Structure formats: structure tokens, C-alpha cells
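We call the chains A, B and C, going by the order they appear; numbering starts again at 1 in every chain.
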Amino acid sequence: MNSQSMDGSFTLSSELPQVSQLRQALDQRELGRALMELITELYPLCRSLTGNGVRQTLSIIGRNVPLQIHEVPSGTQVFDWNVPKEWNITDAYIKNAKGERVVDFRKSNLHVWGYSIPVRATLSLADLKPHLYTLPEHPDWVPLRTSYYKPDWGFSLSHNQYLSLDDGEYEVCIDSTLADGHLTYGEYYLPGDQPDEVLISTHVCHPSMCNDNLSGIAISCFLARALTESSRRYSYRFLFIPVQIGSITWLARNEAIVPRIKHGLVLTALGDAGFSTYKKSRQGTAEIDRAAVHVLRHSGLPHEVLDFYPHGYDERQYCSPGFNLPVGNLRRAPSGRFPEYHTSADNLQCVKPESLSDSYVKCLDILSILEANKTYQNLNPKCEPQLGKRGLYRMTSDLNGVGKVKELPVLWVLNQSDGMHSLLDIAEMSGFSFDEIKQAADSLTACGLVKVHE
Amino acid sequence: MNSQSMDGSFTLSSELPQVSQLRQALDQRELGRALMELITELYPLCRSLTGNGVRQTLSIIGRNVPLQIHEVPSGTQVFDWNVPKEWNITDAYIKNAKGERVVDFRKSNLHVWGYSIPVRATLSLADLKPHLYTLPEHPDWVPLRTSYYKPDWGFSLSHNQYLSLDDGEYEVCIDSTLADGHLTYGEYYLPGDQPDEVLISTHVCHPSMCNDNLSGIAISCFLARALTESSRRYSYRFLFIPVQIGSITWLARNEAIVPRIKHGLVLTALGDAGFSTYKKSRQGTAEIDRAAVHVLRHSGLPHEVLDFYPHGYDERQYCSPGFNLPVGNLRRAPSGRFPEYHTSADNLQCVKPESLSDSYVKCLDILSILEANKTYQNLNPKCEPQLGKRGLYRMTSDLNGVGKVKELPVLWVLNQSDGMHSLLDIAEMSGFSFDEIKQAADSLTACGLVKVHE
Amino acid sequence: MNSQSMDGSFTLSSELPQVSQLRQALDQRELGRALMELITELYPLCRSLTGNGVRQTLSIIGRNVPLQIHEVPSGTQVFDWNVPKEWNITDAYIKNAKGERVVDFRKSNLHVWGYSIPVRATLSLADLKPHLYTLPEHPDWVPLRTSYYKPDWGFSLSHNQYLSLDDGEYEVCIDSTLADGHLTYGEYYLPGDQPDEVLISTHVCHPSMCNDNLSGIAISCFLARALTESSRRYSYRFLFIPVQIGSITWLARNEAIVPRIKHGLVLTALGDAGFSTYKKSRQGTAEIDRAAVHVLRHSGLPHEVLDFYPHGYDERQYCSPGFNLPVGNLRRAPSGRFPEYHTSADNLQCVKPESLSDSYVKCLDILSILEANKTYQNLNPKCEPQLGKRGLYRMTSDLNGVGKVKELPVLWVLNQSDGMHSLLDIAEMSGFSFDEIKQAADSLTACGLVKVHE
């Protein structure tokens, strides 16, 4: 298969590195820095389910990968839902009696509730209060609030700011538009040797918050760029969508493609200081689930694996019973468990370059397993073959002790390559890493003792 | 379906409360008091496998529910057994040389071994001793002893009483009859919407002992009365039988009915101060087993679950391999583990009103699950439906934290209602109680998002 | 079936003791002594993959059981391998400048690497060193080393000896032959009531080391002798072979027999002071695996059970995917975990008479289970039969407490004999030992309540 590179030229697939080779050349420190750079550029934009903030975000992503931008008109029916009106905002504030902006959209786009209808009024504090939202337990943080499906308006502010408000009249202004327009999302399809697809989905609808979800956007973007330059068994589809309504819209418009999706990951909140967490797909034992759990277990780092539950991000839609796709969710601290979740404290300090690069590497490791996880056939299944004459026996000179037997991965692959166990199966039962088992399978393939089982 | 109430009038089934609603109106203190009252009334009767004590017991039960009384002639073959002779007793004693009753049946019917043949003799203490039975480890208690299938006679007495017996002659009298007659048992069949049955079986053959098994009799009786006044998906069959030979006799006479039994409980020893114990049916994963375990786990109280073993009460017969019925055993302390087991100390103080009412409520909870445990079909299986427009989203105003997401049971029911998971399945996998999941299913049914899967 | 005894006369099989009865008459102290005696006799011989040491060893075994000796010519192809040349050795030494034998084959055959090619030379210490092998971490022990498949020569010596070597010239002599000849192994086939076979395989190729594997040889030998004198449901095949190449050779020459092998044990290192270890077959849940685990669990002694891994002794070949035979490995300390493994310290003090006899008894217990593990049919499956009239009820007089119910094994066999559970299944689910369950099945068979399920 040939692959068209981003400048339009063609490269022979066989000349490209395998996905598993991508991480070998990685400079993780440089990678973390580059991911932070993209996050920093995206941070100020006022994203929402729809509108120009999303378009600007996709435009920046598009500088990295050739995104296809989709615009779906408001009102379009997508299963049980309708695409909402498009929301845009230019300014918003609360002015006190002295005309001072005591709450100012220009300082933080979190100050205005997402999808606030336009308003311009003068109100007493008492009348204003139902439109104010604070987090008393974190008195310095401005919380995120949205009202996507009920017409409403309001301001979020820190609880300390709220307490400092005097009685008196306030001038409120929300200079927004909520009108028929479009829902915008980006898609990047990267063909591989097979039409079978791996879906990578990330949401682009949260305003100025870094972990949730500029971290997911940046890592998806870098993965897309790296995979473009590697050989691929699978085709890959990257979605940059508004949460829930975005995946619902994509699924509604692409039902014919759904059966091709063999594995998938929803990437969210991958940059905080917490350890890696994988939430299994509804299927629970899908190959993506087993690959992700293997990578986390063999990382040598603390991690958590959660069974599927029908709440969270877009995996809710991919795993609805009418689709039941093998799509899991990789993140660091589970949602709601990093304290800065959905507040102004999810800022540039909340994400760590080393967490971002570590999450990126784990994604690559998971995809490397999917790419290489084949089933082999032992071509000499009766008794062991003579490894010595093929240079596969006792690769070290130390002869004593089973703990030092270097040919064990080779023996495992031979013993279990009966056409019924994949390399990941063999890695799991032997305790070796997928890499060690894959190398053994490669050595055995090279000397003709095993072959891929069709 | 219409239901005939106990006074002969007909009530529309739909007007009756559901089984799950029965416990809401309960006054547990009053219930415990009422159960104690029935136990107190039944306590003095001298019950055995057969005889007038059983008939008197069934007559009192019959004041609560319209029992059908069966009389099976002695000698009737029931599988490998024959119905034994009928035993009745009017008096028994051991008199010392002074003519004093040192052991007196009139003080406790436990003093005479069950099924003692009649005897009238004068014996030396040495000759009497083989006919005396005591419990040295509990020197004040009179132990239960029976000799149903070997003609024998004897007296049980406290070990202290035994030690005080002088050498000398004793006059012994057992004024009993052991002759052809009948085995008597009671049955109450309560039809439901379906011919499929729930079997509730309890033994009525133990003399003056309260936990084993007046507690089981009283709770069965109250359950029967309550279910009579509720709507019922299932038909219910209550058996009040002598242990083992009773269930053997019923099964032998009703083989045609056996296939209708879909769930069953043997109710025994439900009043002691110990925690609730459920012994699984031989099947081990029958719906009754899962329902009972769910109720015990969600009770918030200590409890124990035992795998099936082929010893115990009538579940031995229901779970014999030729029937293998899904019948478990609910009790409190496992038999042999409450110290008063099968002694005179299993008296009115041994049972606690609060244990009785708690056991009753757990029975109701188990039956409520059986009644409501259906499988649903999500009618909008592709992506989530829009819950907000149906009033099912964010039922609280607090937006932060997954722990407070009130629509989670609703999301679980939607996600798992693929026709393959019952509500109990969903409760188990989600960690929610059956009640919470049932309420979610009811809400979703009301707005047409799910329907019962036929 | 009739059985030909070792002197050629015939004995009616029904007159012979069952395998399970063999251990009852055992004097374990005398047994340990006798096993040590055979080991002591075999200890001095210089065994290797091939050669006269193996022939002498088989000749001694042949005094106990009528072995069939097979001689397979060098060069014969056996699957991916060729039978190696035959190696024999008469003398070997390193002499120092004074003509003293500083390393002397006559003191220990471990001093010469197995399969050393003949050599006679005078070398400086520097030139000699690549041909010397020591174990610095055990400076007094002489390690085993072999070079079966690469022409080489060398000496093993204690590290202290090595350190004491002066610079200077050394005369080295290895008076060996490595030439076309034969691979020799012994086989003993013992027919039973069925052609289905139990394979007992042990390796005979290690020079003067007692635990690995004179212990296995001695125990196999005694098992073969005992089984000859017992009735047998299964046929038994004992193999005394050089490790790996021996099992490969046997499998290559006997493919037609392989399907008859229903159970198998590789017996190795059964005499050290460690506790018993069972390594499961590749199948993992084969009957041999379950029987061995049952025996170890019910021994009341510490033990270890290991999942299969494709390294170790001849089970590697029997469990290669082209055969996948239900063959496990019984031993004491897992290989490499007894410190004397593959050194001169694996001497007559390394094996303990009580370990040897205990291992022997465990083998007998495992084989007893295989012989008796049948599935029964309850002939009275509806309700329990009346045990009392058959003398099977309350075998003790104590009536109180479920813990003392003596008929429980009988009830378990009745309850589970539905044609789907073997006696070993019933033992496992009930917690009783196989012996207790077997006795219950025998009692029930005797009174016609169960029969073996065909």
C-alpha cells in the first residue's frame, strides 16, 4: 500500500516506521514542551458546543493535520436530538454602581454561563443572585456552568468576589447571539493497510480549561501527525467534536462506517499530575481494553482501571447499546477527582509536560499493540524445535537458574502459537511485556518457525 | 386478573398494592409484636411429625389464611419412604420412690423423645439410664430427641436433673399411641397473573421451640396474608409441613405441579438475635439466589451467604437431583450455630421481635425483586436519548462531581436494556439497589423510552 | 482381565489390591530406606544423554521391573532434531607441573563437562581458563556443565580449587569418545483394564546427582513395581529417558500411541527437604492437574501449585502444541530453587528418606484418584432415599450439630450423582477428601442407590 504524505507526495508504506518504532526516537522532554506550546496557543479561545471558538480551535489543529471541517445546520435531527442553535459571544460583564466591571468576560470566558442568551439589564443584587454561580468550597475559583438545552443566562464568579458584592444596582450585559447556524467538528481519516478502523475521539467544546480538554486535543493532534508518518495496519479516524452532541451527530451521519470501527479511544484530561486511568468499553474484554490494561500494568507506574459505567464523555454514545463499540476512555485522574475539574483552576499550571508526554507514549504503546497483535502458527508444533542451531538458545552465557533463561519468551510463543492465542494473550499468560513477546515472534518468524495465522 | 379476597368478594388486581409497596406502610415494631403474639400462642403445643399437635397448629394458622388441610394415611408410599404411623401423647413422667414426678411431660413436651412408644414400667436407675438423654455442656437445658424410624422410648432432661437422681426404683410412664393414622400438612395456594409459582415452605413438626420453627411458621403465615392483599405476577404456594417426610410427601403427590415452581424459599429459624443467613439453592445462581443475596448485601447489616450443601431442612428434598428446584433457605444463625438449637432454651426469650420483623421485611424485599425483575428493551438504543426534555436529567441543581449525578440509574437502565439484562443484572453491575434501578425503569417506561422485553 | 506377573504366572485381576489399597500396607520408614538404597547404588555412575552410564542405570532399574531397552542410532531424525552421537568417557584429569591430578574425573564425574570431546594437551593456566567453570557464589561446590550440541570440552571445579591454581603449565586429558552409536532408553508398559494410558516419565541422563534425578528414577521404579502387583483400570507406561531428546525421540517413534495417553506425570527432584510442588499441564484443568492439586491440598502439608510454563523437564515436549498432552510435573522444590541444583552438593545428603517416601505416597494417591474417579448415577434421584433402613444414617450416636453429621459424604454423593459430576468434582465442591467421597460412593453402590454412569 502506498501512503500519501501531507505534502501530496507518495511514500511506500514499507519504508515508513512501524507504530511501535515511533516511540524509540522520542525525546519526551521535548515532546512535553511541544504539547504545552499547542495547549498554550489554544487556551484563550472561548469554545462552546458551537460557534467561532470551535472553528478557531479546529483551524489551529488543522495546521498540524489536514482536518476535514464539517458544518451541520442547527435543527438537524440526529437520533433523539436536534443540533442546537449556534452560540457566539463578544463581550459580557457586570458593572457596579460606579460603572466598574466587577465581573468581566474579557478576563475569563468562564465568567459567562455557556449558551447564555443575550441580556442587557439593570438589576438589584437580590434579583441578580439567581443568575450568579459560585463554588463556596473553592472560594477563589470560577466554576464552569452551561445551559445548553434550557434558555437561561448567568455569570460564574469566585465565591470571594461574590461575597464582596455590595447591595445596589448592577448593570449586566451579555453580548451573545444564539441563533440558527451550525455545529462544527473536525475529522481526519488516515487510511491503513486494512479498512478496519481505530477511532480516536476528543472533545473541543470546553472554554479556557487546559486539562479538560486541551490536553486531549493536543495529544490527539500529535498522534495524528505521527501516525501519518508511519506504516499502519489499521486505518485511523480522528474526531475533534463537541462533547455528546458531537459524537451523536457523527454517529447519526456515519452509520455505514460504524461497523468498520474495531477499536477506539476517547482521549480526555491527559495532562494533570494524577496517574493514568483507563475506563473499559462496555464490552469490557475488547482488544482495546486488554491492550490498554496491559500498557498500564507494564508501565511500572501507579494506574487505575475502571469498569464501564454509562456516564463520562463521548464513550457514553459509542457504547450505547445500539452501537456497543469497543471504545474505552484514557485519562489521568478520573473526572471529578482532580480538584480543578470544571473550574478556572484547570489552567496552564494544572497540566504537566511530563504527564502529557507520558500519556502520549501510553497511547502510542496501546496503538502499537493493536497494530502488532496477531495470532501465529507454530510450524513445528510437535516437540520444541532445536533453537540452538538457529541462535535462539541461551542467549546469555549464564547457565544456572530458571530466572535467567533468556529464551523463555521464544518458548512461550512456540508453545502457544496454535492459532488460538494472540501475542497479547501470550504476553498476559506469560507475564512478559507485549514488546518482549513481539520480539520473540519476530525472531521466530525470521527463522521460519512460526508464521502469522490467517 | 381478578382476585378473590378472603371474604369471598372480588377485587380488581390492578387496585391492589404491588408487593414492593407492602413494606412501605409497615410499622416494624407493631409487626414484631404481632409475630411474637402468634408464636406465643403456638408455643405450648406438642408438635411432632404427625398427630394432633400438628393439627392444632394448622388450625391456628388457618385463622390467618384459608389453609387446605391434607391427611395422608400411614403407610402411603412416597418415593423411597412410607408415611410413618401417627403419634399422639397425653402424658408422661418418671416418678421416684416417693411417687414424685421428677421428670414431667406436663412441664415440657421436650422431656419425652418424639415418637416414643408407650411404656409403663418400674426400673432401677441403672436400667433407666439408657433411656435418658442430657446435654452435659448445657446442664440446665432439656435437649430435643426423636426416634422417628426406630421403635424406642426415652426421656430428655437437664443434666443437673440427671445428676440429682438417686439410685433406686423409678416408675416410668409414657402414655402415647403410635398407630396407623395420618400425616397432616397444610397448603395455601394463591393464584397470580401467571401460573408460574413461588414456593414458600416451612416445617411445623418441632415441639415447644420458638426459633426452630415457630418463627418460620409465623413469618410464612404473615407473608401469606399480606400477599393475599397485593397484586401478584406470580402464583404463590405456602406449605406448612413436617420436616423432610412432609416435603417428600408433597413432592410425591404433586409431581405435575413441580415444573411450575420457578423460585422458592424454605423459611426456618428467623427470629434469633443472629444476623441473616441465606443458603443458596443447588443451582447456585438461580434468580432466587441472586435476589436473596442482593437483599442481604444492600441491607447494610452483617449477613452470611452459604453455598448449597445437601443437609439442613426441606431444601434437601426440593434440591435433590431429580428435582433440582431453585429453592434456597433463609434463616438467621445457621442451624447448629445458635446455642439454644434443639433445646428447651429455644424458648420465647430466644426469639426477638426486631429479628422477626427484620426477617419478614427481607422476605418481602426478596419477593418484590422476583415480582419486578423483568428485562427491558431500550427503544432508542442508538446514543442516549435526550433526558432533559423528559425531565430525567440532573434532578438536582448541583452540577459538580460524578458522585452526585442523579440520572445515573436512568443511564444504567438505558445502557443495559438490550433485552439481555434483567433489572437485577443491572442493579448488580451498577452497584445501585434494585429499588433504585426499578424506579429508573419505571420513569423510562412512563416516557416511552423503554418497554418490557417479551 | 488377567495379569501376567513378573515370573510369568497369571493372576486374576480381581484378586489384586486396588491402587488405593497399596498405600495402606506401607511402612514409610522402610520405604524411604529402600529408595535410598537404590539411589546409593545408582549414584556413582557417569550418566549422560547417551552412553554406557545410561545402560548401566537401566540395567539396575531392570532388576526391579522388566524394562524394554531401546537403542536408537545416532543421526536418526526425530522431528526437528537428530539423535546425537554417543558419548563415553573412561578418565579425565588436569595435572599440574608436579604431575599431580589437581582435577580428577575419578573423584567426581561432574568435573568433566558432559559431551566433552577428547583432548590431550599441555596448556598454560591462561589458555586453560576458558575451559574451566566454577560457581563463585558456592566456592566449595563443583557445578554441572554440558555442551551437548556444540563440540567443546572443559572442566568444572570448585571455585576454591580454581583460586588455588598456580600459573604454569597443566597437562589436560579427557579420555572420551564422541562417535556414532546409540541413544538408549528404557520403557515398561503395563496393561490395564483399558487401553487408555497413564504415562510416567523420568530422566536418566544426569551424572552423580541424587535429587535431580536419582530420586525420580527410584520412585518411578518403585511405582512400576507396585502397580504391577495391583489391579489397574488404566494401562501404565513408564519411560526412563534422557531429558528432552529422550521424550522427543519417544514421541517421534510412537505417534500412534500418543492418543491413548489420558494422564501423565513427569517425576523429577522428589527427594529434597522442600515441600511438594506440582506444575500443571498446558491444559491446566486436566484430570491429572485436578487430582494432583487435590492430593497436595488434602495432604495437610505446605505445597505449591504452578501454572504451566514452557520450560523445565520433559513436560515441555509432551505439552508442545502439536501434542498438548495432559502431563504435569511433580517435584519438591521447583528447579533452581533448591540451592544444590546442578552441583556436586546434590549428593546423598541432599535427599531425605522421608521426602522420598512422602513423594512416593503422593504419587500413589494421585494415581488412586485417577483409577477411581468415575461419575455415578443416583438411582433414586427424587428426594433423598431413606438412609436409615440401609444403615447409612447417623453413623454416630451424637445427634447435635451439623459438624458431626457423619452421613454428609453420602448425602453429597447422592445429591451430585446426576451423571455430570465425577467423584473428584464432588470432593472438590464438598471439601471432603477424595477418599471420603469414594467410600461414600462405595457404600451407596453396595446398597444399590447409585451405580457408575456409563
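Keep this in mind: a residue touches a chain if its C-beta (ideal position, glycine included) is under 8 Å from a C-beta of that chain, and two chains touch if they have at least 3 such contacts.
Every value quoted in this text rests on a predicted model; they were computed, and no experiment measured them.
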Item to check | When subunit A is superposed on subunit B by its C-alpha atoms, the rotation angle in degrees, nearest 5 | outcome: 120
Checklist entry - Since subunit A and subunit C are copies that touch, is their contact same (over half of the numbers shared) or different (under half)? => result different
Checklist outcome for this item: Per the C-alpha means, the centres of subunit A and subunit C lie apart by a whole-Å value of 55
Next on the checklist: Going by the contact rule already set, what residues in subunit B reach two or more other chains?
Outcome noted: none
Next on the checklist: Help me check something: in the complex, which residues belonging to subunit C touch subunit B?
Outcome noted: 378, 380-386, 388-389, 399-403, 405, 408, 411-412, 414-418, 429-430
Checklist outcome for this item: subunit B partner, complex, touching residues on subunit A are 78-81, 135, 143, 145, 149-150, 244, 247-248, 251-252, 282, 307, 309-312, 316-317, 319-324, 334-336, 341-342
